[in-house]
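Following this line, the structures themselves.
Each of the two complexes below includes chain A, the first together with chain B, the second together with chain C.
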Partner chain A sequence: MSDTTQTGPVLAADGTPLKRSLARALRMQKIRALMLIAPLLLFVLLTFILPIADMLFRSVENSIVPDNLPRTVVALQDWDANSGEIPDEAVFTALAADLKIAAEAKIHTRIGSRLNYEKPGISSLFRKAGRRVKKWDIEADGPFTEQFIKIGKGWGDPEVWRTIKTYSGTYTNGYFLNAADMQKGPDGAEWRPENEQIYFTLFKRTMFMSLVITVSCIVLAYPVAWILANLPARTANLLMILVLLPFWTSLLVRTSAWKVMLQQQGVINEVLVWLGLVADDSRLQLINNQTGTIIAMTHILLPFMILPMYSVMQTINPTYLRAAKSLGATNWTAFWWVYIPQSVPGIGAGSILVFILSIGYYITPELVGGTKGVFISNRIAFHISTSLNWGLAAALGTILLAVVLLLYWAYDKIVGIDNVKLG
Partner chain B sequence: MKLKTLTALAATTALVAPMAMAADMADEMTIVSWGGAYSASQKNAYHDPYSANTGVKIINDESSAEAVAKLRAMNEAGNVTWDVVDVVAADAMRLCDEGLAMEIDPDTQLAAAPDGTSAADDFGDLLVSECFIPQIVYSTTFGYRTDMVGDTPPESVCAIFDLDAYPGKRSLQKRPIDNVEWALYCDGVAKEDIYDTLSTPEGVDQALAKLDTIKDNVVWWTAGAETPQLLADGEVVMGSTYNGRLFSAIAEQNQPIGMLWDMQSFDLDGWIIPAGLSEERKARALDYIMFATDTQRLADQAKYISYGPARKSSAPLVGKHAELGIDMAPHMPTDPANAGNVHIYDYEWWADNRDDLDAKFQAWLAK
Partner chain C sequence: MALTPVENQTPAFTGAVAAASGAFFGLFVGTAQGSGFLGILIGAVLLGALGFVLAGMTDKEKPLRWAIFAGFTAAGLLMGGLAAGVVGALFGWFAGWFVFWLATSRYRAHLAPYLTPGQVLWHYTFRVICGSIFVFLITPILVVMPLSFNAQDFFTFTPEMLRFDPAGYSLKHYQDFFTSESWQDALWNSVRIAPMATVLSVGFGTLAAIGLSQPHVPFRRAIMAILISPMIVPLIISAAGMYFFYSRIGLQGTYMGVVLAHAALGIPFVIITVTATLVGFDRSLTRAAANMGAGPVTTFFRVQMPLILPGVISGGLFAFITSFDEVVVVLFVGSAGQKTLPWQMFTGLREQISPTILAVATILVVISIGLLATVEMLRRHSERMRGMSPT
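Showing the complex of A and B:
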């Protein structure tokens, strides 16, 4: 560093400093490479990243209330939510004016649906009020307080007004609180009543069961991969088809097949009863619980574990084992100290694949999981397609994504992501 | 009265005539329904005759189960590809609330009955939402294995809670709707007080406590085909599902299953037209709806599936099953012999309380 050379910088043939010339050449190469992957990059960005970002953004978005009830939101600012009394006439007049416009645009029921997620009953208050308000003359027909309460008693409930005031911002953390089994109370965030807490349980269960599935996949896949890697190629290829065949079969077919196998009048129970191992009146409960989900998903995800393990094991040179043995190691020592460490990258790759796939699994738990074997993804699907509470679904999805990234980071710290090989 | 119906009829024909003649209607339409035997019955009763009359090409989409979510997504993307969608009444209300379905005026946009009764009177109370055109009345009710109940087949819905008399598993739908009502009814709450009771937190606890008594013996289903399968396999002794599914298991597949009609839960299924269609497609959709929901067409559908037509005027026209040749009337949920004690589902109440009750129900299930 302190070495100040007499000569100037090294020059390239055309007289520019070599460093700059090299940098330019590298930059050109990078741009060319970027151009090559640009179509894919754009495709992924447009069809994958942006839609996901847009969906996740809904977990905080709440503009429907302030956009459509602007006067009410302003008028409510002076009202003390903890006073235990309903707001004054000015707020009701503002609401009438807002609702009249909203009802003409047929949007009042959407505001109602949004607020109904937070307090049951608001949906029909808005639906009924919208029908009437359309006929009102805002200038002449006041005062409105009594008229609103006549339409729906709920308008006289301070709790309804507190809900509107609480959710009057353009952004809300309400969905995230809900996803964490919490809610906005009079004094900030508070736990939901115990009989409504569900998401924390589901997150825990999803993690636990994914872990169990991953471990059982490792246990089952390791010997299979080992046999495949050590057989002559002809036999190995034949056996490989047996691994791939279920992989090519439709997921739904395999799941339904497990139903036939596992149910109480199913194949496994019938055989056990026939053998006399299980009494006819105490058949095993193998489906519609966690056992069912774990069995079916382990089977379905097994190829994702076998394939990376197999391709890593194929690269392990058998002479290492022979060398260890010739130096006096027992079979077990040689296997444990020489073979296993070399196969870890395959285990790592398979585990990440299986774990991340199972965390987001949806259809198999739905079909064979009963009530105790369902995952968080089943709730997300429910909120997307049935309850239409997309904000909550987005919040749950965001949390799931964050948890997966966190686990990935932890994995990188502990095992090292460089230590993962797919082949 | 007579004059009123006459003018209504005149108004209808006056409005219909130019519409049916108009050339600017789309010549292709996408109709969304549930698939399976149900779509087949619609194809036979509605689509085929309509295509034969008009030459319109009808494309079937079997997405009704996710119709609400998909329509919302299509609407946000600004590209609604569906023309007519078959949904249950509760979903129609939600689509209407979300502004995703078009409002229908029964007097001008639906056909009057042959005797001149206006569509509004003919459908009566079944017009539960401004956007909804009812098509059938179906019910969620119970089937039981005739060979697993001994000499005392169940006669009351409360048999599902009676583990002593009917040991074994039962299948129930994995949602609070219907189940909490049956639970309260069997816990001694009078039928007319069910929704008042459910409106209190104690009432919800009471319903869940009643369900708790059989929780370990319940298989929860999400698809209507599951209960008939579970019954056929002998996995459950009794289970709830849609009455048409039970009919086909009993009459078409000869399974040893009996019907338990007590406290069957009436529900409606029908059409909506998505909001925001182009003028041509809207005109076509309305023209189709006018045809497909008239008295004769609704009665025709009952030849293929055991769901009751939604029009009063269609009931006398219900005939025999198209293939089996058996009388369909006794298999209708609306038949007087079956409809002695029914549970009427309160749409408005569920629209308000569904999310709240569902959270409690799911938390209870996960416990």
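Showing the complex of A and C:
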């Protein structure tokens, strides 16, 4: 061919080398795609990712102590926390000076309540001291050691001072230790006494109940998905409505329905009593405990299990089962060795989805769980709105988030985020 | 269509199976009346006799079924009034159908001929199991509806309701919903927040979905992971983070704050539905439009938009329902001025349990039926349209 004589790169119509021209076109395409995505990405980053990052930051942030007690923090550095004695006069003078400023700005109570999370009783010490210190003249009224101890005996307790020293850094792992049922003792981190380990119990319960909910969803969803995938399309579409209607119905509607049905005087107990299966005076306790949470949440999350299972089972060729049977397999063998392995992707996708959704659930456990059936998320909400210990709420949230992200990563590996389907 | 040629069953077989089912139902009716054993006995004898006798008269099926239906209805009415009459009618219809279904072997006709009796039995047992799971799925929603018409302030069926006495029913909970100021405020807030959040998430989401479905997108997986994350991160964590952050920048407790938060939560749904529609989108159509001289904007609005519109609308409906149903985030990010309908229901359920909630629930169920129907219609429409476009 004559072309072989021509050396050098292939040229595009306008004279630039084809390779560069193509690269430029590709770059343009990429930039255009990114330009289309950019507004949304920015929006999500600002309204969603940044708040999450802020929460992660709050779980270690402790600037309130060093910012407002700067002199005390410096003075305490030379004090040996394990000496068993209270710090010297210099520290008390520094505290008096710090507290005077803090009390005038009315933030001494906030420092007090921050330290109170670590050692109960400090809050009132700070409140009382703040009131008195305002009237003192730091230059003239010393020495302060005796005066502080007169305001509150706690100021003479080395433990109180150790707590202040321990939590004097800008960052702390104290919230995380708390969230893991640990505390800072004289020799570093140690476990809390057995009877105070509430968060570990709560995490264990959340995991266990999510697992029970996931398993009961698998058990209930498998037959339904099978029958939907094997019925003629018209009938299957009709039955699909029964799955999609709960899916589209408001979560609160379904929770209130369960609240109505599960009560002592509720529909289920009334029917059982009427049928004579349960005596009138021993009605089943179905609500405000774990049973209630599990029943209601299984119902609420069941569509999330059925839909992915159904979409996988639709693709399984029914002739494989018949082939297995014609080769001599019994019903059970054919099902166990031929059908189940092919439906595993659906089970996996549904299980991870249901598990992720259930370990973060808040509304349903709050309304039907009572005290025994609540999840870790209810505790997070309690710390945000009632006990106002935001740092601990953030630390608990961070741990929960880490678990969920791990599962999300697994979901992405098994199913792929792109393959999420709705309805 | 029949797969298997069938002939009528013997009276003994029909009678025996019918007696078994009669015993099963008799157990419940019997225990309800005081004696389970007597119930089993009466049920078994009654249905067994019916099955045995009727097995030979399959040629007169229609009139006989009507007769059984009428007989059971009358027996129910005589024994326990209207409610028992309805139960009797249902049971009569079932008994008539069941006996003839057995007697004519209709149950066998559409199953493969090589199945053993055990497999046939399992086939129907399996259907009954599936049926009960469907009942489990739908019952809570069905129970709420009649209870919302309760004339009493109870959360359970009163004897008047069970007797179908008109005095047991009333619209007072609905009246309460439409006249109570707090409920109306909540409704108004929901109506103000949800559409705004939907507009935001559909606007940004559609653009981004078009961008994401281009053939060459750098960092596609990472971007997708970020955009989908509001759906995956537990709501309580999103709520906590947004509460902390929005109070820092002064958005906490404002209308704008709630709208932004809800828009962020709705975005994954828009992205998922719109990218799913775009998977089937034929790129040569936009090239053809460009070839004929249309600019990118004209191409988008005249060619691409009409084709992906069903996906955009159903994504929008998902985003709308997300915001309309959302309670955790609004509990934290909102203040009393942004109290939405779900929030009002939540406090209602937690503190003073008022049956007005059931009326609201019924209204919401009706709305969700409407939304479900719309989404389903759009999906079919979109599939038809894509079927038409050349591939």
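FYI, the second predicted complex is superposed on the first by the 345 of 423 C-alpha atoms of A that agree within 3 Å, B and C clash if a C-alpha of one lies under 4 Å from a C-alpha of the other, contacts with A are read in each partner's own complex, and residues count from 1 in each chain.
To be clear about the criterion, a residue touches a chain if its C-beta (ideal position, glycine included) is under 8 Å from a C-beta of that chain, and two chains touch if they have at least 3 such contacts.
Note that this is a predicted model, so its numbers are computed, not measured.
Participant: Overlaying on chain A: chain B and chain C, fit or clash?
Facilitator: clash
Participant: Counting residues of chain A touched by each partner, does chain B or chain C come out ahead?
Facilitator: C
Participant: Once chain A of both complexes is superposed, is A:Gly370 in touch with chain B (first), chain C (second), both, or neither?
Facilitator: After superposing on A, A:Gly370 lies in contact with chain B but is clear of chain C.
Participant: Please work out whether A:Asn116 is in contact with chain B alone, chain C alone, both, or neither, and reply first, second, both or neither.
Facilitator: first
Participant: State whether A:Ser282 touches chain B only (first), chain C only (second), both chains, or neither.
Facilitator: neither
Participant: Given the touch rule stated above, what does A:Gln77 touch, chain B (first), chain C (second), both, or neither?
Facilitator: neither
Participant: After lining up the shared chain so the two structures overlap, which partner does A:Gln263 touch, if you call chain B first and chain C second: first, second, both or neither?
Facilitator: Once the two structures are laid over each other on A, A:Gln263 reaches both partners.
Participant: Touching A:Ser387, do we find chain B (first), chain C (second), both, or neither?
Facilitator: first
Participant: With the two complexes superposed on chain A, say which partner A:Asn317 touches: chain B (first), chain C (second), both, or neither.
Facilitator: It touches nothing on chain B or chain C.
Participant: With the two complexes overlaid, spot the stretch of chain B among 74-82, 92-100, 164-172 or 236-244 whose C-alpha atoms clash with chain C.
Facilitator: 74-82
Participant: Show which residues of chain A both chain B and chain C reach, each in its own complex.
Facilitator: Looking at chain A, the two contact sets intersect at 263, 265-266, 366, 384-385.
Participant: Hey, which residues of chain A end up touching chain B in the complex?
Facilitator: By the definition above, chain A touches chain B via 106-107, 109-110, 112-113, 116-117, 120-124, 127, 195-198, 201-202, 263-266, 288, 366, 370-372, 379, 384-389.
Participant: Of all residues in chain A, which touch chain C in the complex?
Facilitator: 26, 29-30, 32-37, 39-41, 43-45, 47-55, 58, 220, 223-224, 227, 239, 241-246, 248-261, 263, 265-267, 270, 274-277, 299, 302-303, 331, 356, 359-363, 366-367, 377, 380-381, 384-385, 390, 393-394, 397, 400-401, 404, 408, 412, 417-418, 420-423
Participant: Show me the residue ranges of chain B that touch chain A in the complex, using the header's touch definition.
Facilitator: Spelled out, the residues of chain B in touch with chain A are 65-66, 68-69, 72, 94, 96-99, 169, 174, 205, 208, 219-220, 222, 233-235, 348, 351-360, 362-366.
Participant: In the complex of these two chains, what residues of chain C are touching chain A?
Facilitator: 28, 31-32, 34, 36, 119, 122, 126-127, 129-130, 133-134, 136-141, 143-144, 147, 154-157, 200, 204-205, 207-208, 210-212, 214-218, 221, 223-230, 232-246, 248, 260-261, 263-264, 267, 269, 272-273, 275-276, 314, 318, 321, 324-325, 327-328, 332, 342, 345-346, 349-350, 353, 357-358, 361, 364-365, 368-369, 371-372, 375-376, 379
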